[in-house]
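Each chain carries a letter (A, B, C and D) given by its place in the written order, and its residues are counted from 1.
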Amino acid sequence: MPHFIHRFPVNWVDTDGLAVVHFSNYLRYFEKTEEEFYRSAGGESSLMRERGIAFPRVEVKCTYTYPCRYGDIVQTEIWLDRLTDRSVRINFIVKNVSEDRVSAEGYAVLVCVETAGWKAAVIPDEVREIFEKLR
Amino acid sequence: MPHFIHRFPVNWVDTDGLAVVHFSNYLRYFEKTEEEFYRSAGGESSLMRERGIAFPRVEVKCTYTYPCRYGDIVQTEIWLDRLTDRSVRINFIVKNVSEDRVSAEGYAVLVCVETAGWKAAVIPDEVREIFEKLR
Amino acid sequence: MPHFIHRFPVNWVDTDGLAVVHFSNYLRYFEKTEEEFYRSAGGESSLMRERGIAFPRVEVKCTYTYPCRYGDIVQTEIWLDRLTDRSVRINFIVKNVSEDRVSAEGYAVLVCVETAGWKAAVIPDEVREIFEKLR
Amino acid sequence: MPHFIHRFPVNWVDTDGLAVVHFSNYLRYFEKTEEEFYRSAGGESSLMRERGIAFPRVEVKCTYTYPCRYGDIVQTEIWLDRLTDRSVRINFIVKNVSEDRVSAEGYAVLVCVETAGWKAAVIPDEVREIFEKLR
């Protein structure tokens, strides 16, 4: 399978005063999907902790095409767009399954840093292999 | 002055699909007010970091009486209810100034812990003095 | 089954600067569990929309006994404590399954209101039956 | 003055498990600054409500260059980049004043919609004038 798919319902707290999901929460849905992927792929999170590295975002972009509302089922999909020695670019799409529409799409660029000192670092091979599974 | 007062507008992101502030955000308003107080009282935050302690909540209660909406001006008030060797209870009230109504009130009990090990600790005198200013 | 159980992992965005779940998010976990229950019980949400009613919280209480961290699996349990003509009290517990500890417990009191006018209302029988399933 | 400036401290709840502001919150800081501007410029929010329009984002981009931590003072700046009949592009920058660094910059494209029906609409002149003040 070329990419990772996740499905969950919109929670009430995600909506704003227009009864639609707040724009910032699509980016949180994206991150949540990454987390689900790492978990399924063998725990990048514990690897990260052992090695003292993290993957902060240095760039995100998102376009919005259709709202999601409380109770709508959301399907998120992520896939690897580019992997270099020190960075990874992941694309994402959020679909409103209940309405059969694309809600949002975009990408994030993540870089590898040492958490002690917050310095750029080379992505360790073991973590690299995990990202490769997203292709 | 017996307690600390803070004022700020309701942000859009704080509201939910009924166009009112989500119930969990009143508790965040309360914490935000504490932070403003600590800042004004001479920086409990840096004290905490130096000493390796933190004040996690062990109990919170909140009653809700009137909604706040986007753009409403909120006034929060906090005061010391009880201070022991190891814990502090702070009361709070959130007023909807724009509507001249009380929106929420409650309290939180905080305990002192050493962040290394997450163990209960005695509140240092310097921090104690800061809490005393809330009486 | 006397109550409703839900399980999910802690997301990164739920944690705060001490790398533990922010206290306000346990209350969001509670609400999320309610939503999952309503969905499983036949859609209180659409019932609510049709009838123009909502269930704002008028009281919440939570005690905290053990932290949850990123990646920990959380199990939430909710059950009906009291049901009157106009209000319902639901209890909850959040367990840190990964650490085999109780993290938080508490309750919320919800009242029925007409969303037009935000006035107290009697809980409709159909919705009542849904709450009864939580006993 | 060519653009609008806002200043506020980082709140604890904005930070994540690495003790830095979560990437999604820079976008919320941006929106919060817009709100402050609208308020200062004479209340786009009430105008919007009267006219039944809203300005959902259709595109956001953000690059991140330096973290903000709890207690850091943040300065946000926003300015008008482009104004058409139906959309507006606003740029923003988030500075970490305490560390004298640029933390994040980006933009958002907002379109005018009628809230009843969620249909694209022409920006009313009165609201247009408010956006012009951001030049």
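Keep this in mind: a residue touches a chain if its C-beta (ideal position, glycine included) is under 8 Å from a C-beta of that chain, and two chains touch if they have at least 3 such contacts.
All values reported here derive from a predicted model rather than from experimental measurement.
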Farthest-lying chain, centroid of Cα atoms versus that of chain A: B
Pair joined by the larger number of C-beta contacts - B-C, A-C: B-C
Between chain D and chain C, distance of the C-alpha-averaged centres to the nearest whole Å: 32
Geometric centre distance via CA averages, chain C-chain A, whole Å: 26
Distance from the mean Cα position of chain C to that of chain B, given in whole angstrom: 23
In chain B, residues with contacts to at least two other chains: 12-13, 18, 20, 24, 28, 31, 70
For the chain B and chain A complex, residues of the former touching the latter: 12-13, 15-20, 22, 24, 69-70
Chain A contact footprint on chain D (complex, rising order): 18, 20, 23-25, 27-28, 31, 54, 56-65, 67, 115, 118
Touching residues (chain side chain A, partner chain C) in the complex: 9, 11-13, 28, 31-32, 35-36, 39, 43, 45-46, 70-71
